[in-house]
Structures are given as structure tokens and as C-alpha cells.
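Going in written order, the chains are labelled A, B, C and D, and every chain counts its residues from 1.
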């Protein structure tokens, strides 16, 4: 255990507390009574893609799950702890969010790792976790064959989002919320390099918004 | 599937793209080459506690896992998909972060739910997930007996952070990183109402920073 | 002279330097070579109406004059130091801004003072300065007679902006820039209470944008 | 007159209104009742040096005068409109600010123009306005002789701030406020290139804070 708070985090916290929090104090005080986020965002843990920043969201708007490669695992019951599924259940059934957004991003290390067969990566947990992406990888591999790795990774980022959305629909309470109250499912990819956001459209293709 | 991007998200994205991203463009372009976050933050999915905001962190600084009640599950291998463990493995072994921070928060719905025995909550995934907190709940219950729920939940928020930190140390690669390169483990709680951040100190108590 | 920097300003500066400046460093470094603002904003010194905030402007975009009641004085030569006219000359002739915006605001103390005959105000400099607004006040008084003060002040805020715009056009170099390169003149009023911005339209009336 | 609001300003306003203002709404509503700024800042109109940004100031904190080269003119009565003096009188006598800060900046075009004898600049208003800096320029010239222009301009930026502070003390109501209620006078320079803020210290020298 380390007991000295890291200077970087503490000075950042004081900037927040004396700066933004001071001005937004009334907003935070109101929020302390409870949250009513409109959207659940399932995003990558990557340090460069903060959903609150990318959507300029106010505190209280986005319920956020972040894991490696923004994956939705299969809707299996039993057999372990399901963090994403628990957050999904809480967001959809208790908070009754209006929509769920699976947001991927360009230059995703997790996707690249999967595209290269997970070589050289620690595999006690990371390998099994990224294997969730295997059906998407197989689909891309079938389509693109031995295309350059960059092209495969780029396509896999998008296909994996589609697969996560399909798995979302395997959760009975998600299907129920879609049918009974119009829960919306969305997919998008953010590009770190140029800031462009592509949205999954009706035709199944991603296009800049 | 819903194909019309929600107006709230899209207008927020355009504020980001035309505002903050425009000014930080050079910073993002540089980040596109790769990430070197200094800290892994394990925080709650709650919409009111965005780690990047609370630590005024720049893009690229914090690798972030967010799940319900900011829990670290036990270090068990096999038996399912372990999203938190995979992120932990990636952050500690590949990204080689300097520290891991488990950050809880006040008014946490997940902790309150656990303190009240999970009554009335959906339990396909949420119940099992929150049961990770059971040893912490039992400890608090033993100490506080039939104290008011608010007091129990308040204490449980802190005790659960300590338990998550203990579980972190059960991961062999975490212990190894502590010993070999001084990886730091930290615990903290953010209060939504008044913005106060308490840090877990040497004496095992939480104190405002 | 006071030599201890005030804590409030210094801590605010450090928040800027360690926070926003750190991320925008490349943008500032580029700006150090010179400025090319697109607009000159003539705004009030009032602490509640920062033009850069209200227009979410990046450093380098707005050349800003701020004085009591956002006044453009008459285009007289000689007879003293003309700070606003000097800034106008620099912005229009040297920086060649594309537009000049006179931005007033609701609840303006200077306008209220003028509407009530400057009673009780210090008048070594403030009285003479606010007398620039006298023709506008006379116009409003003629129209509204003995209407309630709040209504008179509200109308005077708008009429005074129109008068400042008329005075702008008395500067030969402003007229020249309008004719030769399409310099634009604009008027707007910001409401502190509800954040609404009204823009002076073609019909001479102000309307929310 | 131009009636179409410029797209750049309007989209920036909407970012502010839908973003920051939305979260700070309660703060603005409270401010609508009146302002109590703690400091009057006299800064340059330059588009790169927004005092609210540099001091991370909340709306309501800084009463701001901005003119070319952040000059305080002499305390002469009569002889024209004195915008800076009027703002000073209002801030010191009515708002009763605690301090006045004259903030210059590096790479100041107005200072450079003065250092090079105002060659080639429009001189209907700008020349006379910048002549306020003439005593400072003469002092620097006497000290540095024919040093390189960059060195002269750099020194003149600092000496001109000292002269403005001396002129501030020529206003009887400023002297009175210093003696009777401890009004503070401060000088500082902000460097655009590296973000460093130098403060005028007890020894009459500027030093980084």
C-alpha cells in the first residue's frame, strides 16, 4: 500500500475543486440527491477517449462502463462475475436509460492485439477477455484475407462494435426494453487523430456526424 | 437498432469538436501515436463521478475502468470473463502504470443496495456482481450492528475500497510490480455533495486532502 | 504598492498553468508568433460578461476592448487620449479584423446609473464617461416617458448599442473598411440571468439567436 | 451594418449556452443580482491574453479593462473622455475592489510599436494613445542605449507596467483607498510562449510565481 497521494492526482483534484467544482457547486449539490443519466456508454479504458469529454457531457448525464476494447460480453448467466452485464442490468432496468452506446475508437491497442493473434500479450486475463472479439476477428479475416494489419485493425474496430450491439440484444431485459419503451442501441467510433466521430447508420455503415 | 444519433450526444460532440478539440488538436494528434497513462483508476459507472473531471486530467493521463460500485473482483483464474482483471493486467504489465487508484464515492447506489440486502434489485447479474462486496458488508455489519442505514452505507463505501485494495494484492503480477518497480496502490472517496476527496492514509483511515 | 500576490489570483493562475495551458501548450506556442483575431469585441468591464467565455473563443480569436457600459465614444480627434478609438484603429487598420461587435448585457450598472441621472455616483470620470450615453438616454426618455426604471434601463441597453454602432460609422477608417473590404458591424446583448443572446437584426430589432 | 450574425461567433455562443452555461446556470442566476469582483484587472486587448482564462476566474470575480498595451493614462481631469479612469473610479469607489492589477504580456505589439518609434502605424488615435508609454520608453532607452530591439521591447513591457502603477497612485481616490482600506496595487506580465507569469515584487523586480 502507498499512502502518499501522488502529487499529479492531488494537484489535479485541487484544480477541479477550486476551479470547476466551485462554479458548478449548485449543480453537484443537486445531483447528490440521485442520478438520472440518459445514456449508458460502453467505452474503452484507453486514456485518450473520455466519453464525458468527447460528448461535452455535464455531470449526471452519462452512466459509463469502461473496459479494454469496449466489449459487451455474451449474455451468459452463472459462471463468474459479469461486471458489464451488471452495469447493463442496472442502467436498463433501474435507471431506465433511454439509450446504450457502444463507443470504440481508432488506434485501439486491444483491437490491434486481437488482430495480431494476441502475440506477446499477457494472457491470464487479457487473452480470454479479448477472445470475446474472436467472432468479429474471424469475420474480418474472412473478408479481408491477408490485407495489411492496419486495414484489418481498422475494420475490426467497426465490426467488433456491431458484434457488441448484437450481443446486447441477446440480453432478455434489453430486448424487453427495446420493445416496451423504445430503448435505443447505438454504435460509434471516435478517431483520436482527427477528432472525427463516425456513427453506425441505418445501412449498417459508419459515417461521420 | 436505432439509427438516428441522439441529438443530445451529437450536439455535445460538436461542442467538443468545435471547442475543446480545436484548441487541443495538437495534443490529440500527438496522443494518436500511443498512450502512456500514469495511473489506472477503478471508479464507479455512476454518472456523477467522472475521474477525468475530478482529477482535471488531460487526455492520455488516466487509464480508466468503470463498473458498478468500483469493485475489484477476486483474483480467480478461469471460470468466465474477467473485464476488470484484464484491464488490470494490461495497465500493470503492458502500460506499466505507476499507480492504481480505487476511487469510490458518496451516495453510491450500488453500496446502498448492498447495505440493504439487495432487496428489490434485478439479480440476474447485479446481485452476483455486488456480492463481491459481501465480505466488506459483513465486516461493517459486525462493527455497526443495527446503526442507521445511512451510517452503514457510509462506512461500507470506505471498507469496500479497502477490500478491493486487498484483492488487488492477490494478483501475482500486482505483487510483483509492487516489489520490483514500486507500483503504488491507492484508495480514495469523492463526495458529490461537497466535492471533498478523502484519501486512504498510512493509519488506514480516510482523510480529506 | 502591494508585493504579496493575492492568493486567489495566484492559485487561479496555477490552475490555468497546470491545467488548461498544459494541454493547450502547442496552441499558445504557435500564437506567440503573432495574433490574427477575426473580431474586435467592445464589451463591458462587468465581471459577469467575459466575451471569451460567452463565445467559447480560443486564445487568438477575439481582440477585446472592455470599458464601463461597452461604449464607443464619438470620433473626435485631438482633445485627449482615446483608448477605444486607438484599439479600433489598431484592430481595423493593422489587424484587419473581419467584424466589430458591440456587446452589451442585461443588468448593466452603468446603463442603470445613466437611466437614473447618475445620482450618487462619483463623477470625476464616471459621469463624463457615461454622458456618452446621453443622446441614447434622451431618445429612450422621449419614447417611454415616465415608464418604470427597469423598462427604461432595459430599452436603454439596446438603444445605446445602436448609438455606439452609429458612432463607429463616424470613424473614416471604419467607413473605408466597410466599403473597401466588407468590414462588418454587429450589435448584441447578453442576458446574465438566463444566458440568452440577442442579436441586432436587419429590421433594427434585437432577437434571440 | 451587417445583419447576419457571423457563424463563428454564433456557434461559439451555442457551445457556451448548451455547455458551460447549462452547468453553471445556478451560478449565473445568482450573479444576475449584482457583481462583487475582488480585483480590477487592466489588461491588453490582445486576443491571446484573456485575464479570465489566465487566472481561471469564475464569472463575477474580475472587473476587466482592456485597451491597447494595458495602459493607465495620467490622472488628468477634463480634456476628453477617460474610459480607463472612469472604470477605475467605478471599481475603486463603487465596487470597492480589494486590488488593482496591471497585467502586461510578452510579444506585445503595442509595446514593440512604441519601442520602434511608432513607424508605419496609423497615428490618428494609436500614436497619441501609445505616447502614454513615452516616459517609460525614454527611461529604457537611457538604460539600454542601442541594445537589440527585442531586448528593449522586453524591458519596456516591464517598465511600462511600473509607470502605469505610478500613474495609478496619482489618482486621489486610489491613494485614499490605499490609505483608508488597504487597496492593493499589483503588476504582472504573462508570457504567451511558455505560460510563465512574472509578478512585480518588493524589490521592484519581476519574478515567476
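Details
Just so we're on the same page, contacts are C-beta pairs under 8 Å (C-beta built on N, C-alpha and C of every residue); 3 or more make two chains touch, one makes a residue touch a chain.
Source: prediction; values computed, not measured.
C-beta contact counts were set side by side for B-C and A-C; B-C has more. Of all residue numbers that take part in the contact between subunit A and subunit B, over half occur on both sides, making this a same-residue interface. Taking CA atoms, the transformation carrying subunit A onto subunit D includes a rotation by 180°, reported to the nearest 5. Chain geometry summary: the mean Cα position of subunit B and that of subunit C are 46 Å apart.
Centre-to-centre separation between subunit A and subunit B, using Cα means, comes to 15 Å. Between the CA-based centres of subunit A and subunit C the separation comes to 44 Å, rounded to the whole angstrom.
Looking at subunit B, residues 12, 15, 19, 25, 56, 59 sit in touch with two or more other chains.
Taken as a graph of touching chains, this assembly is fully connected, with contact between every pair of chains. Chain contact summary for the complex, subunit C toward subunit B: residues 15, 19, 22-27, 56, 58-59. Contacts from subunit B toward subunit A in the complex involve residues 1-3, 5-6, 8-10, 12-13, 15-17, 19-21, 25, 28-29, 31-32, 34-35, 37-40, 45-50, 52-57, 59-68, 71, 73, 77, 79-91, 93-94, 98-99, 101, 106-107, 109-110, 121-122, 124-126, 128-130, 132, 165, 173, 184-186, 188, 192-195, 197, 199-202, 209.
Partner subunit D is touched in their complex by these residues of subunit B: 11-12, 14-15, 18-19.
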